[in-house]
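All chains are identified by letter, namely A, B, C and D, in their written order; residue positions are counted from 1 within each chain.
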Amino acid sequence: MIRITVKYYGEVAEKAQKEEEIINIEESNTQAILDYLKQTYGLAQEVKVAVNLELVTSATTIESTDEIAILSQFAGG
Amino acid sequence: MIRITVKYYGEVAEKAQKEEEIINIEESNTQAILDYLKQTYGLAQEVKVAVNLELVTSATTIESTDEIAILSQFAGG
Amino acid sequence: MKNLFIKGAISPEFIAISIAKHQSKKTIGAHNIFLGQVRADMVGENTVKAIEFSCYQEMAEKEMVALRETAFKKFNLTCMHIHHSIGEVKVGEICIFVFVSAPHRKNVYKATEYIVEQVKTNVPLFGKELFYSNTHQWKQNK
Amino acid sequence: MKNLFIKGAISPEFIAISIAKHQSKKTIGAHNIFLGQVRADMVGENTVKAIEFSCYQEMAEKEMVALRETAFKKFNLTCMHIHHSIGEVKVGEICIFVFVSAPHRKNVYKATEYIVEQVKTNVPLFGKELFYSNTHQWKQNK
């Protein structure tokens, strides 16, 4: 189990009603975060996950010091 | 023979040292004007001829009331 | 990158100053500018009155720096500037300003288009479309 | 067409005013602007210090009106403006300003490019490149 800080942006922050939280997950990978988001906030797979400022598209191993951000669809321009 | 007013623009006006003149030509067509320009000012075929605001690319019959303009290469922009 | 994010709308005066700054660059022959303006789109019975932009700043800056490098190489530009609004931008106001300059015109259109598409795809910016009815929806890029 | 030809350089302020005028048009989502700037080109031992533009006005206006109609149809534009300098424009100053606006961005780049190419090819404008040495040559479009 690891303890990790997760940042929320855009619609994700709205749905979570917070911009950041510390969560405990069983597995040290991004899929475990997505599972938590689905369970807790009903967030489905349309969210993007960034690990240390890089998007990851498949389950990626993470450490507690990584910067994890959950992003809704990009809508610049 | 017809008597016609010819307008000059750009480099053509510079070479002719005038912006307009009235000339007499034997044949009522644009080729006769080009011949006159070549003979009088040494202007070769790179000039463009406009008859009534439309470019003409081959010898075109003209009347004395037509608006004839001799243009050097376009260089807008 | 200076002033990457602008608080609120990007003003025509800001654009004019940016243009004026390039008049000392005597090898530039062509500028191309893209401006994105907020539309009063209808969504069902609602009409957009503004978009509230936010971003994941550290990642957005990193993506912009990378985009800048790629675009400079790809299009042989002399200058390139990108500015995006953060916060509320009302209908009719400008929220993105992309400005490229090169000696000749050939590549400038493609460069601007490329940069705009990359910003929309790769930069973590988020837009909340605010309706006159005081409801909202999250903007989806097409 | 209003102010098709501008005496001397086109100022950044003129461009800003033109942009600002479009902020009341709530269906516009994308603007594209092309600006042509006079370069300090070297020609042999000479360097360009300015270009003196002239035109065959009646024909230029007729061509611009035709171009405008074609471009509107071809690219589904909401607005389109073309301005070209007449008279002297110094190095670093702007001599052509093409401005198109549409609901969506897709076509605006191509529209601007098309208009600029058409102006260069079909509009009877002439440019005398003035050198610092007080000689000159006639500009040839590439």
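Please note the rule applied: a contact is a pair of C-beta atoms (placed from the backbone, for glycine too) under 8 Å apart; a residue touches a chain by one contact, two chains touch by 3 or more.
Predicted model only: the values in this text are computed from it and were never measured.
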**Q.** Between chain B and chain A, distance of the C-alpha-averaged centres to the nearest whole Å
**A.** 74
(Q) Taking the mean of the C-alpha atoms as each chain's centre, how many Å separate chain B from chain C? (A) 49
**Q.** Mean-CA-position distance for chain D and chain C (Å)
**A.** 23
Q) When the centre of a chain is set as the mean of its C-alpha atoms, what distance in Å lies between chain A and chain C? A) 27
Q: Would you give the residues of chain A that are in contact with at least 2 other chains, written as numbers and ranges?
A: 77
(Q) Where in chain C do residues touch two or more of the other chains? (A) 36, 105, 116
Q) Which word fits the touch map of the chains here: line, ring, star, complete or other? A) line
**Q.** Which pairs of chains touch, using the document's own definition
**A.** A-C, B-D, C-D
Q: Show which residues of chain C lie in contact with chain D when the two form their complex.
A: 12-13, 15-17, 19-20, 22-40, 91-94, 101, 103, 105, 108-110, 112-113, 116
Q. For the complex, which residues does chain A have touching chain C?
A. 7, 9-11, 14, 48, 50, 53, 67, 69, 71-77
Q: Mind listing the chain C positions that touch chain A in their complex?
A: 36, 53-56, 58-59, 62, 84, 95-96, 116, 119-127, 138-141
